[in-house]
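You will see two complexes here that share chain A, one where it goes with chain B and one where it goes with chain C.
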Partner chain A sequence: MDRIKKWAAKDSTLSALFVIFFVTAVSLRLVVGKTMYTPERLMLMGFQIPEFGLIALGMTFSFLLGGIDLSLVANANLSGIIGAYILTGIWMPGLSPEMSIVCGIVSALAAAVICGSLNGILIAKFSVPPMIATLSTMTFYNGVAMALTGGESIIGFPKAFTRFSTATLLGIPVLFVLFAIITAALGFLLSATGVGRKVYLYGENPVASRFSAIHNERLIIGIFTQNGFLAGLSGLAIVSRVTTAKVGYGDAYLVQAMLVAIIGGVSPSGGKGKISGVIIAIIIIQVLSSAFTIWQLSPYNRKLIWGFVLIFVIFMNHIIGLYGQRKEKTLKEK
Partner chain B sequence: MGQELLTVKNLNKSFGGIHALKDINLTIRSNEIHCFAGINGSGKSTFIKCVSGIYEPDQGEIILNGRSYSRLSPQEAIEKGIQVIYQDLSLFSHLTIAENIAINKIMNSKKRLVSQKEIYSVAQTQLEKIGVEMDLNATVQESTMANCQLTAICRALAMDAKLIFMDEPTTALTGKEVKRLLTIVMDLKKKGYAIVFISHKLDEIFDIADKISIFRDGEIVGDFERSELDKKKLSHYMTGREVEYPRYVRTFQDNTPLLQVDRLGQKENYQDISFSVRPGDILGLTGLLGSGRTELGLTLFGLNPHNEGSIFFEGRELRRLTPGLMKSLGIGLLPEDRAAQGLFANRSVKQNLSSVVLERFSRTAGLLDQKEEERIAIEISTDMNVKTSSVDAPVSTLSGGNQQKVVIGKWIASKPKLFIMDAPTVGIDVGSKAEIYDKIQFYASQGMAILLISDEIEEIVLNCNRILVMAQGRQIAMIEEEERLQASQSELEEKIMQLISEENPLPVQTQGGAVV
Partner chain C sequence: MRKRKVINRTEWFLIGIIFLYCAMVTLVNPAFLSFETLFDILRSSAVTTIMAAGIMVVIISGGIDVSFTAVALFGAYVTTKILTETSAAWMEHLGIAFLLSIFMGIIWGLLNAVIVHKLKLPAFIITLGTQNLIFGVMTTFIGSKTYGAAAIPKVFSRFASAQLFRIHTASGTIGVSSFVIPVAIVLALTWFIMYKTKMGRSIFALGNSESAAMRIGINPFRVRLFVYAYMGALAGVAGVVYVSQVRSMYPNALVGDELSVIAAAVIGGTKLSGGQGKLLGAFLGVLIVHLLNNTLIFLGLSSSWNDFFIGALMIVSVSVTAYQERLKNRKHFIFTE
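What follows is the complex of A and B.
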């Protein structure tokens, strides 16, 4: 017991998250019943987590820098559509199925990386506030996707590509394994490397970071490019699961991603938060989302709930923050 | 002797286990300037917060105008005429001077509508009280620090203050502005106000004080009449030891110039600056705010590109300067604004100390060697004598002086050949100041070149073996080693003071209201 207490005191955010996770998971089991955690259901969760999990990781990094990336989902959507044109043979016809898969994936990721770096360049080189920069690119990427497709669905993917979303490795979805590896790598990047340290320092105080001879611009462009890559992966995962590509897929993920980051203890004002918290938050949100599916909530009702929860969490964070400040203040007065 | 306004008996206040105020007994009278002296964390601010109603004392009695209180609410304190002007002034930067002066009074009158005319007349009345003319339509943002300070005083007067606490009002002011402020404060005293004045600058205290109370470790260790004290005795009471700063003399042998600056200019900020720095030099760069000293320092760190002249470092001309390049060459900068430019407030002491030298403990694939980081942090914090419970404590929990040592330390970790230090001792206590002077002189004796930018002339004269004086963006004098060695401390101080003031007429009002 003492050991648990000690551990809980060491990282209060993480331990609070664990409690929230258990309460949510258990109460849903009680409310929904046995169907909540059947093996099939868990498997389904494993398929869905990577899609918005990758977006949430991107959001986490932009929050850590004290910014925001509103274009993540639009980027995922656009790069998914670009990949889809090649995968379905509409662009570059005559490729073998294998070649079209390789080319499709590579060009989708390339497009995503370019879209991501554009955000970084706008923010770092032209000093556009992240909110404005990514809202503009979001609109722009959505517009490009719309212009390309005219709002129509793209269908006719190679079997091998669509099977990828449901493939399993030792009973675990392959995409989930891939996601776990990426998450671990990013967690490692943040906690143990120089780049991660610079992200925290910049997020804490960008001016002091510049005065510490840290290359702020390079850092911003790098992280937003990485965000683009994550969005691209997410876009491919969506296309592979849904087996069509269309403007507007994954729209709800943007708010979910913000929610994950904020619940996970990542401060939108920068410099604070860990991947470990984000992982638990991703699971909490996925469990809730699965319950919504069981209850057959319409997308509108879901939006209503996500929106409300986001506001509620921000409000709670504010209260907790005030309490923390008071505590800190009394500590300081000592 | 004026009448008793505020008497405090056996006031005690603790935070957690720390006794922040111990049995404070004090009387403040009208028609008096009462100075509080004491290093950071000695309890001055806590005392003010107790008598202005922010904190609830644990024990003791506060007697205001003959009525006794065990605790006060902020509202009661204001009604009884207590006003506190904090260091940051708490002004609304986008509102005009007039609005800032009048806002509290008008808010307090519970009127729902305000008229510009009323705001104006309230503001004008207060300005007359202190006998100053200011453009009431200028916004705080475009006003000088000095005018902002006066605005805050007027705001306090508008609230019918009887007792005004001023927490380090002169920190951000230039020499001339300080004099003007002190004159105004003396004038207020004559008009019957009680003023409590807090300052780190001993000169100011002796210029205006009637009474001096010295705080140390939460106690008042001495109550004196002005005439009973001198500087030495005061700093002795403040720190528990007498502070004697040694004068720096360069002993380093190597005379090859490290940095050479040739006819350097940057539009609007400075023109035609030429000097060179050798290893072991502490070159002082002094002048008033706006003389271009800070801008020149920024240029040499790659943050404010010059457009005329050239910069040579170790004989090589530098082009396309960036902080990254300057760091790799061995040039560091201690920025003038500690909180905004130097510190990562919520990060640990360790991470602050290592922020400049991440590559010193980066291994394959950018992996950070945490043990090595800890070792570096402990080495530097021990060397700089940073007082902290551990290197893992957030740097925001440290006192101002120790925070400054951390910001200096993070560059010392990179072992710079040239260290540009802008305002290294602003807003820190006498004890830390002495330690920092000691360190600066030690590093220079080891061959580090230091460019010391400061407007504290005493600091410059003590620490620098060569002094460059700037005014309005121009180099107006260069005091070389020989001259500095022959002249006495006070002769030099006077000379520099004169140079600066001759070249700088008092700020004048322009038609637009902005102060130039």
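What follows is the complex of A and C.
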């Protein structure tokens, strides 16, 4: 018991998240009943988590830098569409199925990386505030996707590609395994490498980081390019699951990704937050979202709930923050 | 102090773009250059102009609001519902409709202001939350029924077909829509508030530097309350104009258009980090966005290309503004990041 107490005291955000997770998971099991955690349902969650999980990870990194990346979903959409054009053989016809899959994936990721680095360049080299830069590029990427497709959906993917989204490895969805590996790598990057330290320092105080011999501009471009890559992967995952590509897929993920980052204890003003918190938040949101699907809530009801939860969580964080400040103050007075 | 120019560099640039673009469209399609097209664009851009004036004020104060389309929809939808379901004849009045919608807008705006001020988090995240919340409250608790052209209260359609005055040209008579009245009132009021009142100066001061504004005795909370409530009120006006214009009310209308309104303000030279912005610029921005929306088809491009051009213009305009600031800062060894 003492050990648990010690562990909980060490990281209060993480332990609070664990409690929230258990309470949600158990109460949903009680409310919904047996259908909540059937193996099929869990499998379905495993298929869906990578899609918005990758977006949420990108959002986490942009929050850690004290910025925000609004273009993630638009980027995912655009790169998914570019990949789709090659996969379906509309561009570069005559490739063998295997070659078209390789080319499609590579060019989708290349497009995503270019989009991501454009964000980075606007922010680092032109000093455009991140929110404004990504708001503009979000409009632009959506515009490019719209101009390419004219609002039509692209269909006719090779079977091997669409099967990828439902493939399993030892009973676990392949996409989920891939997602877990990426998350672990990003967690390692943040907690155990110099880049991670720089990200936290930049988020806390960018001017101090500039005068601590940290190459701010290179850091920003690097992280936003990485965000682009994550968005590209998410775009491919979406296309592979829904087997069509169209402008506007995954629009709800933007709010959900912000929600995940904020619930996970990542501060939008930068410098605070851990990947471990974000992982638990991703699972909480996915469990809730599955429950909504079981209850067959309309998109309208979902919007109400997500909006309310977002404001509520921000409010709770604020209260907790106030409490923490008061505690600090009394300590100092003593 | 440098004198404020009536038309600054950004605006001359925008006017140039508008002229060039119009010339290009006229070359391809001579039918474009007519009073009819002009009035058509003025009429169809009424809703955006009203909302753009509001968002410009919010952005100048250093904040942002993406919930205003939801507020406009809420105001319009609930007003339509009340007017269709009421039996009192005196309720069927345009003034009542505007008052109702403005009132609801102000309530939501005040809520936004309180949350943004008290929670001290990026206004974008908070208003994105309230956007979902407002939209959800409306569709869940009030209704998600569609009002068709027949179900819309008569006052709205009368307002839409009313004409301010007529102009006689060679090709016939063209009427100027009565939508010009709310637009003109909103623009004049916004201009008056921003340049002729203490509140206007406080808004500029707050957007430039919150701590400096507090030191000269400006209460940021009061300014924020005013700014977001004003945005809400204008959203309410825009909502009523919107119902009259499209003569139907879908529960999913308007929401999603907020970015193109913000784009219009930004293209017009409103600095998204606050403290800078002009009404004329915002109006020119709206004109450009609407020109692109309405006339790309003349150039043989489908309307799917809208966002492409608007996005590209936005990227150019924000990078130019930010880069100029960066150069100026670097010259004085000011580092903001």
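FYI, the second predicted complex is superposed on the first by the 331 of 334 C-alpha atoms of A that agree within 3 Å, B and C clash if a C-alpha of one lies under 4 Å from a C-alpha of the other, contacts with A are read in each partner's own complex, and residues count from 1 in each chain.
The rule we apply is simple: a contact is a pair of C-beta atoms (placed from the backbone, for glycine too) under 8 Å apart; a residue touches a chain by one contact, two chains touch by 3 or more.
Just so we're clear, the structure is a prediction, and the values are computed from it rather than from any experiment.
*Asks:* Per the overlay, which chain contacts more chain A residues, chain B or chain C?
*Replies:* After superposing on chain A, more of chain A is contacted by C.
*Asks:* May I ask you to decide whether A:A133 touches chain B, chain C, both, or neither, giving the answer as first, second, both or neither?
*Replies:* Once the two structures are laid over each other on A, A:A133 reaches chain C alone.
*Asks:* Look at A:N301 in the shared chain and tell me whether it touches chain B only, chain C only, both, or neither; answer first, second, both or neither.
*Replies:* In the superposed model, A:N301 contacts chain C only, not chain B.
*Asks:* After the superposition on A, what does A:F61 contact: first (chain B), second (chain C), both or neither?
*Replies:* A:F61 sits against neither chain B nor chain C.
*Asks:* Look at A:V255 in the shared chain and tell me whether it touches chain B only, chain C only, both, or neither; answer first, second, both or neither.
*Replies:* second
*Asks:* Which of the two partners, first being chain B and second being chain C, lies in contact with A:K198: first, second, both, or neither?
*Replies:* The answer is first: A:K198 touches chain B but not chain C.
*Asks:* Touching A:G150 in the superposition: chain B (first), chain C (second), both, neither?
*Replies:* second
*Asks:* Kindly classify A:R210 by the partners it touches after superposition: chain B alone (first), chain C alone (second), both, or neither?
*Replies:* both
*Asks:* Both chain B and chain C touch chain A; at which residues?
*Replies:* 207, 210-211
*Asks:* Name, in rising order, each residue of chain B that touches chain A in their complex.
*Replies:* Chain B residues touching chain A: 15-18, 20, 46, 301, 303, 323-324, 326-327, 333, 335, 340-347, 351, 355-356, 358-359, 362, 365-368, 370, 396-397, 410.
*Asks:* Mind pulling up the chain C residues that touch chain A in the complex?
*Replies:* Per the touch definition, chain C meets chain A at residues 64, 115, 118-122, 124-126, 128-137, 139-140, 144, 251, 259-260, 262-263, 266, 272-273, 302, 304-312, 314-315, 318-319, 322-323, 325-326, 329, 335-337.
*Asks:* State the interface residues of chain A toward chain C in the complex, per the touch definition above.
*Replies:* My answer: residues 68, 70, 122, 126-129, 131-133, 135-144, 146-147, 149-151, 206-207, 210-211, 216, 254-255, 258, 262, 268-269, 298, 300-308, 310-311, 314-315, 318.
*Asks:* Touching residues of chain A toward chain B in the complex: what are they?
*Replies:* Residues in contact with chain B: 192-195, 197-198, 200-201, 204-205, 207-215, 271-272, 328, 330-334.
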